[in-house]
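Presented sequentially are two complexes of chain A, the first with chain B as partner and the second with chain C.
Now for the complex of A and B:
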């Protein structure tokens, strides 16, 4: 067989494989959206869930998901940024940093249910935080830290050393060079990494079942004092998220419209995750443009 | 050309200046540079006269760039530099030197243009602002003056807020020169600044350097021997980590004392 023919066959096979992947993905997304989108309404998105009757919504779960996401990022972003800067800009290549990198890699492949059980034992039981937003946010931090650290480290590593040398040659210190030149130049990819990890957090269920809990007590949306237990901002209240809600309805839901609620909630979840992905791309591109040509 | 009586050449063919007649901006004494265990510079002590252009030439791997980068300690994290680098009576290779402050006196321009991912204006103003210069009028003035000195003001004066990354390679490199001279260094080190540029940009950069010579001491590493002969006053030839010959540029190119220098400038190797 000649090279040209082999190339043609290889191209064909690769196209077929790519097409298969796309078809599976589109079919999956399409199925969820077709099943779920008709269930979505303003009422569905804003009203609380009902356990025994039809017509319940996902309002509280949706709010919980966003609040947990916000808290988890609030905790994990500064830590990941610091760790990423340390690993890429300050730490040399030696045994200890090698060990740190390996650990981060192992942590990032930890099954999220293990993270959840660890969070249960550590935050819920040991630190007596109970099933709460805070326990959930910490568990999500554990879940998110390794991946976010990696992506920030990579974003920084992609900035050419020429940029650092340019800073040093102007008499800037390493700290000034890192914070004022390297991090800003890496910002588009850092933001992309953050938003993508936000999508992962948003859809996470296993890490939250035993930490943020599986109940969504009624919230008083006119009370924004975080110290009141019925306030949406209260960090010590249990908070079932959208993903956990979907899991729960499907395993033990007894409301008559369980199927419909589950389909609607799944569609909302998928749409949110898709939005995060598009947002990541759009923000990354926009920031890059802003930096390279105003 | 300078009066030859004030310069002496030792048996190693390295020229030294009579300090009475020549102002020495920078010199090295007993400089050795190691990458790990291998010695990259074993003999390279030179004196650089103020307000002159000194070219460092030599084949790839001769150590000329390593030598240059040691002068403002850009090699600190990569290599071990032993010996003295004398600047204004101070050994700037010693541990108690504030390296960041020193580099504001000895600036550097690199082989590949490396503007920051910021606007043209910010590329120049940024380092000044980091040192506490915040008055817009002062910054504006320095930005304009630096861009004029780098011979690019007229081309970019209406686009100061545009990203520096949108400039052509030659313009980016001149912006890097403007950025380096904006902080008013004494000495400007250039590491093959035109090797990534087309001939037109190269000749513009050369013109710029000849202009800058009035106010700056310039040390330039170059692969291009025509460039060395066109713009430099003195030339040092490096090979295998040693400075083999250092003399007036005219002498080096017309009457080299060392056979290897002759071979190199006649294009027999390198």
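Now for the complex of A and C:
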């Protein structure tokens, strides 16, 4: 066999592998959407779940997912912004910084079930928060911190030093330069990072089953006082999210239409993740245009 | 005069803001580091209790094959043999990595070397999108598609190592592919040009030059995928059958560290041997994740040396 024929064969094989992978991935997406989208209706999206009979919805779970996402971002964004700023603007290139980076990397590579178990031990048991939205939000924060810190650090590192020097030349302190010049300039990529991490949080389940709990008590959607336990805003109620719901009904199997409900819920999850992805790209581009007036 | 003197000797407002900002951002960073130490401390304090409070022999724990904490095994000791779970976790991790690697590298080569335009337009966005798909969705599809398929093709209940491998293969495929593609893209262009100028065909260039130069990056991608597979809990738990037995074949129900953890932790009383034994499993998970991290670092350092030479 000469080299040219080998080249042809190898190219053919590579084409085949790539085609196969595309088929697998597209079939995966297609299966979820084909199975799930017909199940989605207004009723399905808004009514509460039923445990023992068919026809339940995912209303409360959907609300819980968004509320948890909101709280987790609310807690993790300021912390990771601060950590990202310190790592990129203040930390010197030395062993300690290297160790800190390694520690953050270790945190980001921890299995999410371990994060969930830690959350159970620390927030649920130690701080006696019980299975609650607050415990869940803290667990998700732990899960999200390393990812967000990293993406913020990268966003800041991409801002050219000219901007910082311009700030110093105007007599601004380093902190003022960072908050008034560097962070606003990095805002498009920071927001892209936040929205992308929101997609990951939205689908997370393993970190939540032992922190936010596996039950979704009925909510009174006319009561918006966070101190009432049946209020949707109450942070101390147990809150099963959409992803946890899919896991629960599939591993318990007492719901007669578990397959239909989980297909619909999976489709909702996928669509939400897709939307987060597009939103991230779109917002990033839009903000960049707006801020740079290009 | 005193006014000027005072203003010169006192710290300016800007300095104060600067100090405050620096302390604020440093404390954010310190908080993250603290969380990591808390995780290790809490999991270790629970996980080590099995050996120090309940006096279980470490070797017995790692090599025993009977898992039924709370009852006494055939040797008169509490039945806390974690070997079935350890074997299950390692088997599905290694198998899924073996299956995923050729597909991932093939696709990555296609994306970067054969058809960069199509790669950038179709393959890259699709793989990046799939990285973000929640693991429960993979578990659900595994339950609906893979388990019946395995049951009809290979017999048995359909739950087991094979189904777990399939699910994890699809799950880590996008991650490994996009990381391998990054590694291939990082190979300098002049490597390829030099090879082509010597008269090598495209495949010879890919096989003899590009792939070899990208080995550290691709190894990192594979280890990263393995770490993800090892730590994955729910998707695996849904398809593996969760029987704490040593797997006899690929289609008999088995279990992994993560699957037993997710099933058990809510059903045991904090502080009991049953509970402590589960935390010991969590500690193994934690240590394995550290080990994967170390391997990735080691590969990264080696790779750097190769390039500098």
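Throughout what follows, the second predicted complex is superposed on the first by the 271 of 294 C-alpha atoms of A that agree within 3 Å, B and C clash if a C-alpha of one lies under 4 Å from a C-alpha of the other, contacts with A are read in each partner's own complex, and residues count from 1 in each chain.
Everything that follows uses one rule, which is that contacts are C-beta pairs under 8 Å (C-beta built on N, C-alpha and C of every residue); 3 or more make two chains touch, one makes a residue touch a chain.
None of these values were measured; they are calculated from a predicted model.
Q: Touching A:151, do we find chain B (first), chain C (second), both, or neither?
A: Neither partner.
Q: Is A:64 touching the first partner chain B, the second partner chain C, both, or neither of them?
A: neither
Q: Would you check which partner chain A:184 touches, where first means chain B only, second means chain C only, and both and neither mean what they say?
A: First partner only, chain B.
Q: Tell me which partner A:163 touches in the superposition: chain B (first), chain C (second), both or neither.
A: Once the two structures are laid over each other on A, A:163 reaches chain B alone.
Q: I'd like to know which partner A:135 touches here: chain B for first, chain C for second, both or neither.
A: Neither: A:135 stays clear of chain B and chain C.
Q: Have a look at where A:210 lands relative to chain B and chain C in the superposition and call it first, second, both or neither.
A: It touches chain C, and chain B stays clear.
Q: Figure out whether A:15 sits in contact with chain B (first) or chain C (second), or with both, or with neither.
A: A:15 contacts chain C only, not chain B.
Q: On the superposed three-chain arrangement, identify whether chain B or chain C touches more chain A residues.
A: Tallying touched residues of chain A, the top partner is C.
Q: Let me test your reading of the model: by the given contact rule, A:173 touches which partner, first (chain B), second (chain C), both or neither?
A: In the superposition, A:173 contacts both chain B and chain C.
Q: Overlap of the chain B and chain C footprints on chain A, residue-wise?
A: On chain A, the overlap between the chain B and chain C contacts is residues 171-173, 176.
Q: In the complex of these two chains, what residues of chain A are touching chain C?
A: Contacts found on chain A: 3-4, 6-7, 10-11, 13-15, 17-18, 20-22, 24-26, 28-29, 31-32, 35, 78-83, 85-87, 89-90, 100, 102-107, 109-115, 117-118, 120-122, 125, 142, 145-146, 149, 171-176, 178-179, 196, 199-200, 202-206, 209-210, 214, 243-244, 246-247, 250-251, 259, 262-263, 266, 269-270, 273-274, 276-277.
Q: Quick one: in the complex, what on chain A touches chain B?
A: Those in contact with chain B are residues 160, 162-163, 165-166, 168-173, 176, 180-181, 184-185, 291-294.
Q: Considering the complex alone, what residue numbers of chain B touch chain A?
A: Contact set of chain B toward chain A: 72, 74, 100-104, 107-110, 112, 114-119, 126-127, 130-131, 161-163, 165-166, 176, 179-180, 183.
Q: Which chain C residues qualify as touching chain A in the complex?
A: 14-15, 17-18, 20-22, 24-29, 31-33, 35-36, 38-39, 42-43, 46, 102-104, 106-107, 109-111, 114-115, 122-123, 126-130, 132-137, 139-141, 143-145, 170, 173-174, 177, 200-204, 206-207, 227, 230-234, 237-238, 258, 261-262, 265-266, 270, 279, 282, 285-286, 289-290, 292-293, 297
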